[in-house]
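For reference, the structures are reproduced in the following blocks.
Common to both upcoming complexes is subunit A, partnered first by subunit B, then by subunit C.
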Partner chain A sequence: MSTTTPVPTRSAGLRNLLTRKGGNKQGHTTFVDRAALGVAGLMVLLALVGPYLAPMDPYAVDLAKSLTPPGSEHWMGTDANGRDILSRVLAGGRTTILATVAVIAVATVIGTLIGTAAALGGRIVDEILMRICDVGLSLPAIVVALGLAAAMGPSLQSAVIALAATWWPGYARLVRTLVRETRDAEFVESARVLGVSRTRLVLRHVLPNSLSALYVQTTLDVSAVMLVISGLSFVGVGAQVPASEWGAMIAASRDTAITAWWTVLFPGLAIALTAIAFNLVGDWLRVRTDPTLRTGGR
Partner chain B sequence: MLSFIAQRLGMMILVLAGLITVTFLMTQVLPGDPARAAAGRNATVEQVDAARERLGLDQPVHEQYVSYVSRVAQGDLGTSVFTQRPVIEDIAQVLPSSVELVLAAMLINVAVALPLGVVSAYRRGKGADLSARLVALLGAAVPVFWLGLILQAFLSARWGLFPLTGHLGFGSSVPTVTGMTTVDALLAGDPSTFGEAISHLVLPAITLAAAYIAVVTRTLRSTMIGALDADYITLARATGASEWRVVISHGLRNALVPTSTILGMQLGWMLGSTVLVESIFGRVGVGAYSVTAVLQNDLYAVIGAVLVIGVVFILANFVVDLLQLWLNPRLRKGKRRERAGADESAAEASDLAGERT
Partner chain C sequence: MNTAEETPLLEARNLVKTFSGRSGTRAVNDVSFTVRRGEALGLVGESGSGKSTTARCVAGLLHPDSGQVLIAGQDVTRARGRALRATRRRIQMVFQDPYSSLNPRMTVADLVGEGMYVHGIEPDRVRRRDRTVELLETVGMGSEHLDRYPRSFSGGQRQRIAIARALAVGPDLLICDEPVASLDVSVQAQVLNLFGDLREKLGLSLLFIAHDLAVVHHLCGRVAVMNSGRVVEQGDREQVYTSPRHPYTRALLDAVPVPDPAAERARAAGRGAVHTQNHHEEKR
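Moving on, here comes the complex of A and B:
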């Protein structure tokens, strides 16, 4: 996980978080923030419509055009099989971004379940679940995910499942902290006194008011997860050749990297750009949700 | 203090048990027949049956688990299908080279991140600060393996500043003593080979260090800002201490406590990241070994590498915890309240540490 655990002084739901007035550090949303939001939005759009934007067929092999440098016909050049790299980068965004989202979604669901259970389930449950989390956090994620994915048989699904299985403990610990705070809030107590059922209390009152810090954390984690998932593809346990996944594209072009730099440069830039954008957006969200971070310029 | 050590020791044993359980699960989810996987693709029926019996695969799961734990405890990680040697021997042979790479990367990490973090905190909002934040932003976003390939393509292939791959130039060799090429060259008293080994080490080490430099810079900057705002800094200035002394002896000394925790944990993480770096630069090491094993479908070798990297990672974290005793005098006092506070700061440091990759 990354950076300090953001604990909002006042709880806020997702809608509240996105519509709240206020901005960065001294209260402004800066140009950089807007640019990052724009790029992050573009990347999400790319995940949805990228394959339709591709000017050429990302899988069309044309050996006569093998390793063409960037030029007017192929803006990002072609790879060893003569496939248009621009088209593959555009189409590959979907795979990389959706895989990243899938990892975070699965890890968030598991983390929320475990974290909530730990916060509300009594001392013994709490102790057991948190020790399991400690163990999970004490193992190197990429190596464990590598082993799990290799054992399940290399494929993008395996990589996603393996990484989600190593990524949830951080979320569980965060959700536990957040739920414990909300649990004792007055409005929860009032609802309890009014006779709201336990399930409804958790689902309608405690969780929605606990999780804004979790949304921030998941945004900040997009870059880290994307780097690991593309790394797993690069190593060979994720997306398989000839998939146009960014990490797998770099892996497939590693032998031509020395002679034809464009084959690896552009997919890598796509990963880096997405990661930077989501990191900046995450920081921006964090400052917005946590007023204590606004002064001091940390 | 003793209870602190006991607590950390208990935690370490728990994590080791967790690691062994996870690797056991890996052997269980192997698709198809695990006995066949262990015996190799071209094994005869008798060999597969022998493997099944040897691994106890005909027994119930809990008994398999017990025998797995006892085998691991004796250092038996199975046999590599590819090299036909015990996995533990294979790994023992390549591990020193990975350790060499990790130590070199750590050296670069400290040499770059410490000055950068201190300067950016001291000159908050100025040019140096902005460049430090840029480094932190890029380091957290650039894929390691891509950075390696790009450095190789430009610095080595195009401009010829560094050798492309391997440990030594063509035709050079040193007698293997420690398995670390640089150390072996020194032991052999051969300065030119030593220089060669260093020049082969530079690019892989930079590649491996980049992401960690970002994390250390960011952490140190934020703790250093906290330290420089503290009352004892004002006091130190009031006593007429030189600015250098104020920043380094008073500021950095206090800011280093959480940073050192992170640096220590990074040793373990770096060993994991060798998976992404070593094979690019054609280096022998536990990372390259596990990648090759994945490609060759040599699953016991993969799981063995996971186990060894995990164990080193856990031991490194334990040593770091003990070092905290020495670095942070507050931990040495037995008072319960203070210990709880220190635990929180350790947890906070690990949260600060960022990417777990």
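Moving on, here comes the complex of A and C:
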């Protein structure tokens, strides 16, 4: 059957490149892991308190100060409208990161429900749900986003909805594969012989032992989703122009990028740093939760 | 009239199970046997002979294509609902690999207490914990382990936990699917002795599966030999070990050094651990 997805190991190389040791097989937490965890934590913090940290009003237009280079007054310079870029990056983190978290959370919930139902619901349910997944997977996020933008008007909400709608089928497939593996595990059979109810079997025995690979995947996906959201904002179907969303900031600075590098560099760095940090955290999680490394006591 | 003595605790009647696959293997082909109260039946055969499939049919994990499983005379292959659950509870199973048969995310207390919880045997948390400690004692483990996870135990300890988990719902019969095959040789004997003790103490019946005749020798009064999905020989231990009728049994006997029965008895008597030899007819 073509509907099984192997557990993806998308960024396995990045960590090796950075640790130089070629694969940290013991799951030790290295300096890079700590740094990544730190940056990822910082970004989440930023999403919560960023707007309050902004030294200036991220929306205050001052055309007299248009395109001021980085200096003591504006550490990251100003954009074409004279708005303080540092303030906009700090405030924009909330928009970008919350939108990303919303996409991942919705996709995870839907994906887990559908994937579990497909794995445990019997042949017909499985077939129907997997065909729906195929349809979802065949639609590129950008096309759905453009469609939704046409129907609902371009906004960050429609970008989030479009992305969640195209992202969950991947999770549904992953969960289906994971649950099918766990379903036949001896400890599940042991619970069945004991007389455990179906609901308890799923909630207590199957899912907790299936989803660690999903959590790893969602962490790794933070960067991908963030890039797509920023990308959608960049092409104009996500966050709209005055908003201080990182992708929208870059989009708005398209014309000034060559003469005023700071207008795109700092929001770009914010995106890159966050993406790399979450990728590394996902990798670290993957190594830590790798079942072959968790034989403990054997 | 004493029906308890007439009706076997477990009866498998003409079980057939074919796996749909390329080969379409008939894993279990017309298998019948009975286990009476307090009796231990050894089910022996080489790997792939259909022992686990038989066990899984009996335990209700697989639905046989045809044939019946009767627990105390009640046909559980046809039954459904609450009555089935109550009857099923009387038969519990210990799996081959204690590294995969214990949910790695549950503590010992949860693992052992789960059966009591889901069947409402001991709904009170504190009393359930007390009972769990008792059960752990029964299988030779201390209460200091209650809040640990399976990964911190050795294979032998894990198998003891698995046994305690099965015993928690008060079964009459334990299906043991090669329960020592994946353990270190040094602890195999200890776990085997535990099964002997449990029979003695709790009057537990056993359907004990092994791939060689040596393992079941001191535990089972009666032995059934399986080959290619069929039971080729079934009888009292003495008869099977000393005068096997089927060539396959003879081959199995030649393959493993079954200890000289007389010497084994002497050793067992000295150790006092094996009480049930030659008492396969014993009643509770």
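The rule we apply is simple: the second predicted complex is superposed on the first by the 256 of 298 C-alpha atoms of A that agree within 3 Å, B and C clash if a C-alpha of one lies under 4 Å from a C-alpha of the other, contacts with A are read in each partner's own complex, and residues count from 1 in each chain.
In this section, contacts are C-beta pairs under 8 Å (C-beta built on N, C-alpha and C of every residue); 3 or more make two chains touch, one makes a residue touch a chain.
Only a predicted model underlies this, so the values are computations on that prediction, with no experimental measurement involved.
Using the contact criterion defined above for the overlaid structures, shared-chain residue A:N209 touches subunit C, although it does not reach subunit B. In the superposition on chain A, A:L98 contacts neither subunit B nor subunit C. For subunit A, the partner with contacts to more residues, out of subunit B and subunit C, is B. In the superposition on chain A, A:I110 makes contact with neither subunit B nor subunit C.
In the superposition on chain A, A:V193 makes contact with subunit C only, not with subunit B.
Of the two partner chains placed around the shared chain by superposition, neither subunit B nor subunit C is touched by A:L37.
In the superposed model, A:G236 lies in contact with subunit B only, and not with subunit C. In the superposition on the C-alpha atoms of chain A, the part of subunit A touched by subunit B in one complex and by subunit C in the other spans residues 296-298.
For subunit C in complex with subunit A, the touching residues are 56, 59-61, 85, 88-89, 91-93, 95-97, 99-106, 114-115, 118-119, 150-155, 162, 165-166, 169. Across the complex, subunit A is touched by residues 11, 14-15, 17-19, 22-23, 25-27, 29-31, 124-125, 137-138, 140-147, 149-150, 152-154, 156-158, 164, 218, 222, 225, 229, 268-269, 271-273, 275-276, 279-280, 290-291, 293-295, 299, 302-303, 305-306, 309-310, 313-314, 317, 348, 350-352, 354-357 of subunit B.
Residues 185-187, 189-197, 200, 204-205, 208-209, 294-298 of subunit A are the ones touching subunit C in the complex.
Residues 1-5, 131-132, 134-144, 146-148, 150-154, 170, 223-224, 227-228, 230-231, 234-237, 247, 250-251, 254, 257-259, 261, 264-265, 267-268, 271-273, 275-276, 279-280, 296-298 of subunit A are the ones touching subunit B in the complex.
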